[in-house]
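Paired with subunit B in one complex and with subunit C in the other, subunit A is shared by the two complexes that follow.
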Partner chain A sequence: MSQMNRRRFLRTGGAVLAAGSLPFSLVELAFGQSGPEDFTFAFISDSHITHIKGDRFVRNWDRGMIQAVAEANLLSPRPDFIFYGGDIAQLGTPEEIDHGLEILSGLRGDVHHVMGEHDYYLDLGEHWRKRIGPDHYSFDHKGVHFVVLNSILTWDEWTHRKWDTPMQRMKEMARLDNPDGSPFMVGDSQREWLRKDLSNISKSTPIVVMSHSPLQKIYRGWNFWTEDAEQVQELLKPFDKVTVLYGHVHQIQYNQIGNISFHAAMATAWPWPYPKTFVQEASHLPKLTVEMNRADPFFERDGTGWQFINMHTGDVDVHYALPDNENRVVAFNEQQDQPVDTLYQEESNRIPPQDHY
Partner chain B sequence: MTRLTPRRSVTLSVLIAGLGIPMAIAAPLGLPPVPIPGDNPQTEAKIALGDRLFHDPRFSVDGTISCSTCHEREKAFTDHRRLSEGHSGLLGTRNAPTVINSAYMEQLFWDGREPDLEGQSKQPPVNPVEGGLADVGVLVEKIRSEPSYVEEFNKVFGVDAENITADHFADAIASFERTIIAGDSPFDRYQYGGDESAMSEAAVRGLEVFRGQGRCVSCHLIEETQALFTDNRFHNIGVGFKAIRGREAEIAHEFLKAKHAGADVDKTVLVDKEASELGRFAVVEDINKVGAFKTSTLRNIELTPPYMHDGSLDTLEDVIDFYNNGGREKETDPLTPFLSGGIRPLDLSDQQKQDLVAFLEALTSPEIASQVTSTEIITGSTGDQQP
Partner chain C sequence: MNRIYYPLTQAALAALLLSMLAPAALADRFTEADLERWAQEYMAVVDRGEKLFHGGLENENTVSCDQCHPDAANTHPETYPKFQQQLGKVAVLGEMVNWCIENPLESDPLALDDPRMVALQAYIHEQRRLVPLVPGKH
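Let's look at the complex of A and B:
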């Protein structure tokens, strides 16, 4: 803003500038030094950058990611860091991963990455690890212990079958309802790593686990599923407050299993329907989920989104930024001891989803 | 999207001020009945008072600016300028939208910062780059000091001079504006009147483009019995982005700081070009609404150049090229990262573009066309021409 404009601004405002503006009415709770601090981080996921040829990429997926980056940069106060929830690429090629990282480089702040199956099954994560780093790790931030897992591994027999090409393996894993597919898992060695990693953490320390697939079982045919989810949950059980944040499902989901709160991320690329709408029979979809508002296909971003997360006293509130739709907030409700949609939890407030084709 | 709850409204017979003489008629072909708020019913005397206030330049700091300065009947209730000019030649930041059919708008101003015409009509007289009055108190004083106004306000609202308020002023102007209604275009006669010869063949082809490959109708709505050509929503279509490119975050933060410290949104967005480009965000503070502006109606669009919230496009051909290029003037221009997902390259042929123009020209109401004397875009400042 020019000097002139700034002066006019002040004159018309007739008031002194105050510090701290909070889009989305970010809540900041003050509390004693004994607990973890409050902070915010952004969570962008599932951009599925798709290479066409030469320097051409699918425009729509590019635009979704570009918009999420631009909007995340508007957050005030600045988020402490950004999580990218995996599936930056569609078919795991270096071109796609590099192009996605170039778009993400516009983010103001450090990015922590999670491995998605679309990043992995072409070269078993080689290019991704070269550009980004390890696929499972942990770090501490303002009193919260963060753990990143690679949850999209599967049995070695499947991974190392005699594939015609690595691309054949990639495409098999990308298919929904694939009878030749294979379920996701964290696997023995990573679970052992997790057990050791958590062994030195006090039970009162809030834990946030980031994974690509849900560390709960929802629908196996689409890998809304982690085969060893119960074993991972068992390792997290001793802690007072645990939150699992995941991508992959391209929709809002939340659930509470014991001490563990679960939240899914919207994709910046496209929405998936609820599995139950597809199988037309009873599913394991957690009862607590409020389904998404209906999307208008004219608006290519409707049905997509990204989120920013408020951490306060170790609890997670997820703010969903949903272009061309109603933004939503799923916040931890201390009375109910579980995440609750702040607007649509009441059945009478809901907008009926499309549940037939 | 947040939709404001409209006031409880009742439907009255529609009045049209065709030649300045209000008379009751049915809603014109192609338009629904005019929604009239229950707390501001139409009366002939109120409409006549609103007409007088609308055209009276005394409600400005130097006695030169009235509503009709920027919403002139002979210019299809616009000013044919890129940006509107207030007192002393001061330029605002936005293009004057037409008053015609504004009675149907669910939110007023390009960013929807007022929910109704009553709220809207109070703002320009006290905006520093429009009427320039210090506050509405000055406006009310000007009414009270004119005996003929005191008499009329008493007749219309039953109030003494000391009880006249800015709300009375606003109610009267809103009532007048609700009479400026126009349908019955060649399109209306074709679509709703059963007259297949009402539109040219080119316009009929253009309607197909409008509904199909052009993707226009998703926001500029045509419904089964009526067409307002707006969805009353806000979209970032890429206009005005160059002015704040790459600095959106800083400008948004500066703006919010000032707003939360008490700065008036109406004043700030018309005075500060950069804050103006935040669009709907400035009102609702929703990150998804950066650079989003209200879908304008397309009725009488041929008569209201230049186009877009900043008046940056001179012709309908320019507008169609802008959309055809996916939200930019030239195919090589950068796109705003905040671009609506409804905007994408259209790949229209030259023939399709010409047909689309022919269709847009078929949205002109004959009674409006008969009043408009010129559609030439006015450049330069009238302020400069004054001695």
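Let's look at the complex of A and C:
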């Protein structure tokens, strides 16, 4: 997108955001003149569909997913595809995965999926793979190389411990703050697969990596963390432009480490606190991140949301669609060579709801 | 409880005689053993609260407190009582706990002195220990 178009896009976007509710149809004005390699995709994540019994599911989490699907369907022009960032289910049961997929089936467009720990630790991903397909893969789209990793694996000693039942293992991993949990990792064999996958890709090709957990280390206690993050980053280092998009953390996070930009997705289900608000342990949220607004629990969808991603010349702009709140745009800034919030990045522009404690 | 008995010296005998004139327990005296026992009593309730917080409330929809509040983060117990703008009045922490139980957990509120409510609050406060009190802060 030219500088002119880009400015107009940001301005139009801002005006529409100020007007609130569904800002998507006007995006077309900006994208209409963009170059052939520019495209958009939607990014929905962490719905945690929860089965109660029979045909009953937790209403709140259903509603979050239904709303994201409905809003993503209003995007105009249509996004090229949709990414689902993992944790479609809460306890990995076929009922939950099938119910989530049924809601997602309302999406207009192809969906690429990422495996989350809540999808995996009941049957080690068997039902998920049966319904969806492989948990790591890559594809090329309009000059961008997309890689999907399963980053929520852990040590075999933990996974194959003598559990009473598979559901016991699932529940141990489902509890975010579990001191008896285990850190996430991509693992040796998948990293070897990634090395081979990237070996034929030109260094000037923009790379987008999708993972469930952050491929950077923020807080180990809640698995805002991937144990072998540095080793994965090392494989991505030779490329000019890399973006990692991830779920799991249910909050706005963004960062720049060398050539790699990082962006997290909001959950459609519920927001998570920033780790620093658990004062008994140290954590390392990227300094670059301007935090999301503190959620008002009385507005059920506040603190939740989904994203649409504008890819232009290999850079990623993340548009956070936040029901019951002001939308946010975190866009790659070419001068600063890092993602910045287009409204709040300056210290003096921050607002009281962004103060988490 | 561990008590250590020493041979009765004259001084001890005198003390014993004196103590027989006094009430059996002195209200302002407590021992290391007392402190340890009281801490244990408290921690037992914290542990119960930790279980209730992580799915132990047995609400039908199975949603648990820790799903939104891992390690009880973002509960801000040090800010209560405060003007809870959504309720339009000054509220105590227990009222907000009940709000969560009634809404996301879709269950029935607890009496504020229900042992489960006490346990939940003990866990929430324990996870926030050493943070200065700032009542009224939003």
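Just so it is clear, the second predicted complex is superposed on the first by the 313 of 357 C-alpha atoms of A that agree within 3 Å, B and C clash if a C-alpha of one lies under 4 Å from a C-alpha of the other, contacts with A are read in each partner's own complex, and residues count from 1 in each chain.
In this section, contacts are C-beta pairs under 8 Å (C-beta built on N, C-alpha and C of every residue); 3 or more make two chains touch, one makes a residue touch a chain.
Just so it is clear, the model here is predicted, and its values are computed rather than measured.
In the superposition on chain A, A:Ile351 makes contact with neither subunit B nor subunit C.
By the touch criterion defined above, A:Ile52 reaches subunit C but does not reach subunit B. Once the two complexes are overlaid on the shared chain, A:Pro323 sits against subunit B while remaining clear of subunit C.
Using the contact criterion defined above for the overlaid structures, shared-chain residue A:Asn73 touches subunit B, although it does not reach subunit C.
In the superposition on chain A, contact of A:Leu176 is made with subunit C only, not with subunit B.
By the touch criterion defined above, A:Trp270 lies against subunit C but remains apart from subunit B after alignment on the C-alpha atoms of chain A. Contacts of A:Arg63 after superposition: subunit B is touched, whereas subunit C is not reached. Touched residues of subunit A were counted for both subunit B and subunit C, and B has more of them. In the three-chain superposition model, subunit A touches both subunit B and subunit C at residues 60, 298. The part of subunit A that touches subunit B in the complex is made up of residues 1, 5-6, 8-10, 12-19, 21, 23-24, 59-60, 63-64, 66-67, 69-71, 73-76, 108, 298-302, 304, 321-327. Of all residues in subunit C, those touching subunit A in their complex are 54, 60-63, 66-74, 76, 86, 99-100, 103-104, 127-131. Within the complex formed with subunit A, the subunit B residues making contact are 1-2, 128, 215, 218, 248-254, 256-264, 267-268, 271-275, 285-288, 290, 335, 337-342, 344-345. Subunit A contributes residues 48, 50, 52, 58, 60, 175-177, 221-222, 270-273, 275, 277-280, 294, 296-298, 356-357 to its touches with subunit C in the complex.
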